[in-house]
């Protein structure tokens, strides 16, 4: 018994302490999976000494985490919901940070002929008309919300259709599924470029303005959650939208391609 | 241990109308008997007569359903007693650790244990086996260890429940010699057996049980020469009982 | 990443990549801490359940047996709600820390330790009761004796507990947050790499986890064998 107690104490003592300055940021899996944080956070820490701990979740879950007070800053890409978050008093103020874009990926032989589509909704309509397999996140994430908007614009209700698969999981897991079927899927470019297990998938449609994906950052409202680290959290936000932070974001490249484009207001 | 003239505080042990029932079935009834200090009492009887049960009641492992078990010092279960079972349960540790465990349970201070263990190992010829796992010993060795463990805490009375029934003749002889040695030192012995030869070799007094009743109790010589009951006569002549 | 996951795993270990070492170290510390705490609580609790009769005892036993099948995600969610800033224990700031993961894993393996200890001690007490009582032991004093004599079977249960703790991903993902360098464990890293499509790296990490579990079980088996030869 005593031996156990001692070993327990040793094990616990060996866990990392959390005394250093850090903030917790609730963000999205797609941002984390793209590798962006691995690039910019060390730069921020070198400059300020503040460690940023990123909890990567779906957009809906990230906003919920922040609303519960479990994060200091929320950094997601669902503009309407972010604005609602601020309006409901959970956040202080929303700042545009950057954008990336969504791309439609699908089997390289493009059975629905989306390559020739004049617009993103038209490409989605082509998939539906052909009844080609489509893998959806189905998890209420920012990407899923964007996808649902595109179906609406295409005038199609895909839910319940035999060709429409809701994976209910993250971007990577959904792409893994799409590669196996193979199926079309909507993904952010960042995840796609970093994604290794593409199988027969290729980008079949891209470039439409409506596919742009705006990221915003919000400080959690200390009036709701007094423990929020206002100074450190605001320092992170200020840095992200500063010239230096924007340059760090623009400087992140995968296979020579830039993934995110800083567009913070000057 | 060596002083033969020690005066017992817990003996004689008296049983008054002791009975025991399990699930309404009486297994032992109306046993009245006195165990005086310093005697070797052999409890004899066929299998199922209640011999083992009687020992457990005396030793306090079971509570009597009726009647009373009375120790001379008035305590319900005095410490100066020990029991050796037919198949002793050895802890999964070394011989030495088994002895140390018994001393610890008896409240012997850690510093006093080593000397007493060494003495016990020596007396019972276990010194060379001290570090062996107790469960790896032969049946005879385990029974010797059980006797050493019982002796270690200095009991005034030792109960033995068929201690040799699983042993070969050589091991049986060794165990019987040890029991005689205990007796010579003044320890009171209460032992069950269904082996008539063993009873004749060891008994000073005999208690004869059959079907849960004490039928005879008295000096061994008289019992073996002229048993008073038909059951005892049949048992002694080798007839099957029960 | 190399295509062959075995080569990849070997390469990762050979390089002693510091990020990987950190992940392995954290996983081990978290799971071993959880096992230690679960033993500290579960061994005496299991023994007490075996030896002490009280009203509602069967209910407690059935509950612990049933909790062995508790889905990790449910355990994680409950602890998340407890530790969240908006939850009753929010002021402890434990969410998204290794401690939260220790807690989650402890909750997951405690039922295993308790149930196994109880059934082991019950059986052993059946065998030892007369002898121990004859030697002057009480039920309470028998607890350490029985636990030590059942050490080989208990070790199996402890290993099962470690296995469940270290292999589990759902609960630690929720309460730990999979924060790089802070709460990223072997299993959450595997999930992350799978989501990145780095299947080779994910399998390599899985192989490393398997190797660790395998080594621990091997060592435990050797100890048990040695103990048996010694008469344990």
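When the chains are written out, they are named A, B and C in that same order, and each has its own residue count from 1.
Note that a contact is a pair of C-beta atoms (placed from the backbone, for glycine too) under 8 Å apart; a residue touches a chain by one contact, two chains touch by 3 or more.
Just so you know, these numbers come straight off a predicted model, no measurement behind them.
Using CA-based centroids throughout, the chain positioned farthest away from subunit B is A. Chain centroids computed from C-alpha atoms place C closest to the centre of all protein C-alpha atoms shown. Annotation: 46 Å between the Cα-based centres of subunit B and subunit C. With centres set at the average Cα position, the gap from subunit A to subunit C is 33 Å.
The distance from the centre of subunit A to the centre of subunit B, each centre being the mean of the chain's C-alpha atoms, comes to 79 Å. Contacts with at least two other chains are made by no residue of subunit C. Those residues of subunit A that touch subunit C in the shared complex are 1, 4-5, 7-8, 11-12, 14-16, 18, 24, 29, 32-33, 37-38, 53-56, 68-70, 170-173, 175-176, 191, 194-198, 225, 227. Partner subunit A is touched in their complex by these residues of subunit C: 1, 26, 29-30, 32-33, 36-37, 39-40, 43-44, 84-87, 90, 93, 95-99, 102, 144, 177-180, 182-183, 192, 194-200.
Per the touch definition, subunit C reaches subunit B in the complex via residues 127-128, 130-137, 141, 145, 148-149, 151-152, 227, 229-232. For subunit B in complex with subunit C, the touching residues are 56, 59-61, 79, 82-83, 85, 88-89, 91-94, 101-102, 105-106, 132-136, 149, 153.
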